[in-house]
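Two complexes follow with chain A in common, the first pairing it with chain B and the second with chain C.
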Partner chain A sequence: MQTFATTYPYCEIKDEKIILNGNIIFQEEDAAFAKFIKSAYSHLNLDYPKFHKMDRLCKLAFIAAYTLLGENGLKGYAPDEIGVVMANTHSTLHTDTKHEESIQDRNNYYPSPAVFVYTLPNIMVGEICIKYNIKGESVFFVSNHFDKNLLLEYSQDMLQDGSAKVCLTGWVDYTENGYYAVLFLVK
Partner chain B sequence: MTELIQKLKVQIIKQLNLEDVEPDDINADAPLFDADGELGLDSIDALELIVLLDKEYGIKIKNQDEGKQIFHSLKTMAEFILKQQS
Partner chain C sequence: MTKIYIIADNIISSLGFDTQQNIEKIAAMKTGVSCHFDTQIYPTPVWISKVDNQDLSTASKQLCQPQKYTRLEQLFLLSITDALQQSSIDIVSKETLIILASTKGNIDLLEFKNQDKFPSERVNLGSMAKEIQDYFQNPNTPLVVCNACISGVLALDVAKRLLRKGKYKNIIVAGGDIVSEFTLSGFQCFKAMSDAPCKPYDKNRVGINLGEGVGTIILSTEKPSNQATIITLEGGASSNDANHISGPSRTGDGLLIAIEKAMKDANCTSEELDYLSMHGTATPFNDEMEAKALVLADLQTVPMNSYKGYIGHTLGAAGVIESVIAIHSLRNNTLYCSLGFEELGVPEQLNIITKTSPAILQKCLKTASGFGGCNGAVIFAKQENN
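And then the complex of A and B:
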């Protein structure tokens, strides 16, 4: 997995570690994702009941955003001055599969609204926007590979054309086989 | 009643996909839909609870006002279920 050198503040989550601007701030070795992300929530002293209802992809994005921004990381910006540019490869495949399983049996057919709402990847953007009251432009790409330069250039274009004054930008991907998140604060 | 409340806690955790929450984390008297509450449930979750009552107990909620009272807390849910079953 690549390691980032960037002039922008960033948070990276991989291999049961949370890394802030290159420094490991939390790790829990050999922990399954559910245990790791719950421990991270406690470590950050978060008190946000909605977190417990999120799917794993959103939890990953939320913890990355909170590590980077804390409670006040976007203070000083109007809601419509904050943009969000995010991407991943597997969209919401983990939750899509869970939803698909819930509608397999035609005789016992109870699709779950709480699962279904997480079957679009821009819900991840939405959860972050709700937490930080972000009302600026946002975009979510599903692409084959993580192109950091594309995302950063897109964000810089938003700053240059006045669409935003600051942009939360990055990649958050989750499957049963692994996860990776990196978010930058482009300003 | 205590047994039913404990069963409901487990069912709600499963139905709402609250994989971080343990049954003991849920206070049976606390409002389920208080924004600042321990679960902070919303309208989507209300649908889930309606589905749960139908699926697990064969009870259908048709009146919205009735639903507000039934889903106030775990305790009120349990009381309603027991009343329907008696």
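And then the complex of A and C:
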């Protein structure tokens, strides 16, 4: 089932399923997110130690990007020709809450740089840029509703005016109550 | 190419509630950074640049029902209101868009001591933006750029793209962040904070002072008729280091890409730039990275400064607030002293402004860099209106 009427390659992750261009390529029913995303990592035969340090939001974005791009999906483009346009609703709320819990009690104060660094949503973009050596233009928007057309139009505009030759575009949101990721390769 | 005009601006920081108050203090080399020992803010004394609560509540009396808005929302509303009063744009028009830039928005609402004061969804940037949109009765859903410390610069670049496309006639770009225990504790555990006024590019720099405030710039594709001197946003770009999520590139190559792309976008050469308003956070690594990028871009002889010594690091607001100061630097033909700098502490020779002085200025570059390896750059130019 094609959820998106778009000609661009895309990867969607929802309900413990990874969907590539409309086809389910991996699923683990009734698994909690942490277990599901770890199984997805194994399923993709990834060997990327940095993954294990990431927060849940970055893990979700990283698995979506890797499913879409594999190891070589951006070969043929110069680092500064690749753009990234991403968005979500809850920014980094899950990790924000974790950081907040570490500073609630003045007598038991334990803020951690390993947590705090993930309290910015563009860290997802940074993690993907490190993996794929992406040095082009990027932007992260936060909005209450997923406006797919706005993100795609913005990316197409970057291609039209020569700011990028290819653009990784999409939505990655994670909270305790649910998650959703979709990334398109706009070219 | 569509020209983009700066038609109005505002700064709210520890130095004052409008641009003029801020510029006057900067011209007099006054800093808004001071030591605060207030356990409501932080368990230990911290050197920060803070908007006075009493001043804010006095200023907010001009707002309609200020108690309905969080501290940051009040700052946004006041800043945008002041900028709007200088222009004749139609805020309720479909052709006017609001773009907000913020790293953490109403993050103070997540703090235990502030819970239940406002509905919990107001911690979402989209919900904060909705309050601001509704206050001004603007018909368009605001865009919110949340891209670490380059949010403000990047929001200007996003506005540039949308204006060139002809999607809007006017865009109000407002960047804002507050000093909260959330961010203070985070930067403290990173050991990135200075326990004295910060010293960008100096040999003895040890880290940042966090700051708070809001900056607003109104951009328009319509040439202002009431200004003798006009400032345009000529171009901009962003880039990523693809190197490390919490440290800048060691070589400056990422920032170089943003600077070079911005110059290309603005159709401007390195010789044409008269002044550089840099990010200059005063962390050892950031300032060193910037120095290397400036050498690579062949800009090391151009007069440059950082405004962090005056207003601290205002995070998502920094790019907008510091752009406003840079714009007025062009307008006033004045290079402002890079406060806190005494002795060169980066490996490259740079032309750091050590004394506020007059200079004929036409074009300036504004840069920012942040966590996630992101870099942004925009270029402003001045011309006589005739």
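The rule is short, and it goes like this: the second predicted complex is superposed on the first by the 185 of 187 C-alpha atoms of A that agree within 3 Å, B and C clash if a C-alpha of one lies under 4 Å from a C-alpha of the other, contacts with A are read in each partner's own complex, and residues count from 1 in each chain.
One rule holds in what follows: a residue touches a chain if its C-beta (ideal position, glycine included) is under 8 Å from a C-beta of that chain, and two chains touch if they have at least 3 such contacts.
The structure presented is a predicted model; accordingly, all values stated were derived computationally and were not measured.
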item: Three-chain arrangement built on chain A, chain B and chain C clash or fit; value: fit
item: Touched partner set for A:Ser163, first chain B, second chain C, both or neither; value: second
item: Which partner, chain B or chain C, touches more chain A residues; value: C
item: Chain C, chain A and chain B - angle at the middle CA centre, rounded to the nearest 10 degrees; value: 90
item: Contacts of A:Ile134 with chain B and chain C, given as first, second, both or neither; value: second
item: Partner chain(s) touched by A:Gly76 [first = chain B, second = chain C, both, neither]; value: neither
item: Which superposed partner A:Ser112 touches (first chain B, second chain C, both, neither); value: both
item: First, second, both or neither for A:Val142, with chain B first and chain C second; value: second
item: Minimum Cα separation, chain C to chain B, after superposition on A (Å); value: 8
item: Shared contact residues on chain A - chain B and chain C; value: 112-113, 117
item: Residue numbers on chain B that touch chain A, as the complex places them; value: 15-21, 36-41, 44-45, 47-48, 51, 55
item: Residues of chain A defined as touching chain C within the complex; value: 79-80, 84, 89-91, 93, 96-97, 99-100, 102-104, 106, 109, 111-113, 116-117, 119-123, 125-127, 129-130, 132-145, 147, 154, 157-158, 161, 163
item: Residues of chain C that touch chain A when the two form their complex; value: 43, 103-105, 107, 110-112, 123-127, 129-130, 141, 143-148, 154, 158, 161, 164-165, 181-182, 185-190, 237-246, 253-254, 257, 261, 370-374
item: In the complex with chain B, residue positions of chain A that touch it; value: 34, 38, 41, 49-53, 55, 110, 112-115, 117
